[in-house]
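Here's a structure for you.
Chain IDs A, B, C and D follow the sequence of writing; residue 1 opens each chain.
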Amino acid sequence: MYNAHWLAVALRHLTHCALYIIHRALFATLSMYNELKQACYEANMQLPKLGLVIFTFGNASVVDRERGVFAIKPSGVPYDTLSPDDIVIVDFDANVVEGSKRPSSDTKTHAVLYKNWAGLGGIVHTHSTYATAWAQTQLDIPILGTTHADHLTVDVPCAPPMDATMIEGDYEHETGNQILQEFARRGLTPDEVEMVLLANHAPFTWGKTIEKAVYNAGVLEAIAQMAYLSCTLRPDVNRLPASLIKKHYERKHGANSYYGQ
Amino acid sequence: MYNAHWLAVALRHLTHCALYIIHRALFATLSMYNELKQACYEANMQLPKLGLVIFTFGNASVVDRERGVFAIKPSGVPYDTLSPDDIVIVDFDANVVEGSKRPSSDTKTHAVLYKNWAGLGGIVHTHSTYATAWAQTQLDIPILGTTHADHLTVDVPCAPPMDATMIEGDYEHETGNQILQEFARRGLTPDEVEMVLLANHAPFTWGKTIEKAVYNAGVLEAIAQMAYLSCTLRPDVNRLPASLIKKHYERKHGANSYYGQ
Amino acid sequence: MYNAHWLAVALRHLTHCALYIIHRALFATLSMYNELKQACYEANMQLPKLGLVIFTFGNASVVDRERGVFAIKPSGVPYDTLSPDDIVIVDFDANVVEGSKRPSSDTKTHAVLYKNWAGLGGIVHTHSTYATAWAQTQLDIPILGTTHADHLTVDVPCAPPMDATMIEGDYEHETGNQILQEFARRGLTPDEVEMVLLANHAPFTWGKTIEKAVYNAGVLEAIAQMAYLSCTLRPDVNRLPASLIKKHYERKHGANSYYGQ
Amino acid sequence: MYNAHWLAVALRHLTHCALYIIHRALFATLSMYNELKQACYEANMQLPKLGLVIFTFGNASVVDRERGVFAIKPSGVPYDTLSPDDIVIVDFDANVVEGSKRPSSDTKTHAVLYKNWAGLGGIVHTHSTYATAWAQTQLDIPILGTTHADHLTVDVPCAPPMDATMIEGDYEHETGNQILQEFARRGLTPDEVEMVLLANHAPFTWGKTIEKAVYNAGVLEAIAQMAYLSCTLRPDVNRLPASLIKKHYERKHGANSYYGQ
């Protein structure tokens, strides 16, 4: 019985290999998006590894600005069965360009951000525990320490809840608009602030590269946890003084930055 | 030497296979429940892997409605020694149909739910940390974010404590009744709401399949943790507006759902 | 290069084996305590595996009542370098009977408990995170749910701080006495309640076997975490009603217990 | 196809080995700091393993007092790509003595501490979660239990925020001065107290050896978590009585210490 089972496994494997080679030979060279898909796949796989998503609670996308498309995780596919071929290519209006699967239900939000913010190379959406808990409270994450100031000089902004008209309309598209409007209202730029909370929902992060967007998702969760602990331990905790915020940010990002290689 | 090692491994494997085939040939065909037991075994093994149980704090069951039985974990057997052959087959009155071990002490609760709710394919009971902490407070888990709304449109209901008569009577049977009555009282259906907390005890989750029931146990623990964090950070936190609840639920479950493949 | 490395590894291994065999042949048979040491070693190694200790923050002991001795972890030896030969054998007055290492600094506490409570087969002391946090508050862990009631029918007792005289005297001996006195004062027996917190210090657990004592250390940490969460979420949380406490305890421990095999 | 893949892996591996041997033969013997670099590398790699850092949030250094230099992690290099050759050697004024990479941006803080405190053999800086959350509140970590008292007899000191002049000046140098001044102001010595929080920033720990400094970083995080839990559970929690502090510290550190081997 084990032998039968083993034989079945082996045959299935061989068949799979053969089909894969034929598939590759016939079609793979036809796709100009293989590298983009691979990058998107690898970014998505980082999310469970960093403890930022369970099940299907998140998605990462990578843009190819020359071709005017981005690669994004398919909707509802668990991370442990995801493969690079599952990744979907869509344009900036969220139309599918290539791929047999339905793209993430959050695709339109990614599309709005890529379309309006030219500097973005990658976007990550998670429901990571502490960042999502903050989003549920509709509060900004206050800037309480240098871990935060090393990455941004303001509170992590929490975009307010959308009104019923926006929700009942083109919801995911409006989610993107809500982020754009909140940044405009606060006078923030996506180069300076690479993360946002959506009230009652969860965080989005981005970066010039997808690696930076994934990194920012991890940083945000760490900041969110530390701020949660500080605020519950000492509810009257103070924000960082301006001079310290400036110093830590300039160490990493200023004209005379001296952090990193 | 590597070859020698490999040979030893192969020989051990072959011997094991041979013994297994003989064992199977002699005994296994006597049971019509092998697939059911295997499915139940695999579901149970997911629980410690997902961080939802330690020691023996939980159990999963899978129903076979044609035969009118379900498979359930044996009582008090640690997960790291559990095998498919340990799984017990019982009918909807909790009588043992097959199996040399005593079934889970919660078997009657499972039986009541299967008997009364025809749509259930699997049930999971855990003492997962955050969900159990909520159950101990006797509070519903308020719907605070879209992580919650993606799965159900109401607070996670907490069935009230049973009175002394119910407890001193047929306790596990009454536990099932308590769930049924609370759903009736609130006008909930088990298709719409696939999870419940039992006051002072712990959660039960279910689904059309056992895979969905296990998934729901993981989702519930994530929701419970996020709600704990939001409520301790901001005790006056607001529930989701009705429009957003509706939208997120319909993305996944409505007639025009567009989540998943 | 790989071959050279591999050869070196193999030679080192062979040498080690040879020395081990000689060592065993010469000395090991001289000790009547090898089995006791091995059991003690295995119990100690469970503690970091269950997430209950880091570094050297804990110790487990196993008693041999016929010989009037117990085996205990040596003091200050990290778990990742511990071996069965390091385990120390002491009598009930904490005198070393066998072993080249100094026994745990908590040895006298273990000795007092073994000497006075004849039913104990093993004792575990950890500084596990949540149980220790409760001990630091000098509060009992209230019985809030059936996870707790499955194991004991009362709050987990927290023995009060010792007075300066006890501390400045034979401290670890007095720690044992403090536990005995608190159990006497509350009318508890070590068969019914197999765990205690020491105010400002940390927990001790025990059992008829060392496996049970280790299990109890894990159960206590889980109970402590759930109670922490429930109490911070709802400070006016209620204890379990007496009828439910009784029911759950009797499921596992009563004359008509029906939990386990 | 699998064979081709395997062959490619093997060839890549062989090439790598060959290049490594040539590199070593030509250059490695030229450095007198190889052992120091290796020790520093190993200490740094302990930090993510102990759960104390993610990404690049931390650094460890090891001093060679005879040569008047210390080895420190390069700035902004992730732990999973770090190698011993990346480690930078600097003198006590933070000038680079050897190494092709830029040293940690916190190098001047390490330098000030080594220069002024002759007993230090190693220093560790992390942004570990609970210790950093305490630093953000600007509160000392109160001494609440024996886990704390086994390591130091006072609250973990939190050095106050620096004023704008210090921050805008030679910031990392002044960070070191801030630690020195706070210890002087409180009458603490670095032999008795091997850890400090910097308000709004994060912890530094040290020791006679780098192993002790790493251990202290782990101990501090454990103490910080337990104190967080105790203080949120019982805000009016009391500090340890003086007699118990003295006893536990002397068990490990006094003239008649009896902890360890």
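Everything below uses one rule, namely that contacts are C-beta pairs under 8 Å (C-beta built on N, C-alpha and C of every residue); 3 or more make two chains touch, one makes a residue touch a chain.
Just so it is clear, the structure is predicted and the values come from calculations on it, not from any experiment.
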item	value
Type of subunit B:subunit C copy interface by residue overlap (half), same or different	different
C-alpha-based rotation, subunit A on subunit B, 0 to 180 degrees, nearest 5	95
From subunit A, the most remote chain by mean C-alpha position	C
Chain centre separation in whole Å, for subunit D relative to subunit A (CA means)	32
Where subunit A and subunit C are represented by their mean Cα positions, the distance between them in whole Å	45
Residue list for subunit B, restricted to those that touch at least two other chains	232
All pairs of touching chains, each written as two labels joined by a dash	A-B, A-D, B-C, C-D
Parts of subunit C lying in touch with subunit B, wherever the complex brings them together	10, 144-147, 215, 218-219, 222, 225-227, 229-230, 232-234, 237-238, 240-241, 243-244, 247, 251, 258-261
Interfacial residue positions of subunit C with respect to subunit D in the complex	1-2, 54-55, 57, 74-77, 101-102, 105, 127, 129-130, 132-139, 161-162, 164, 167-168, 171, 200-202, 228, 231-232
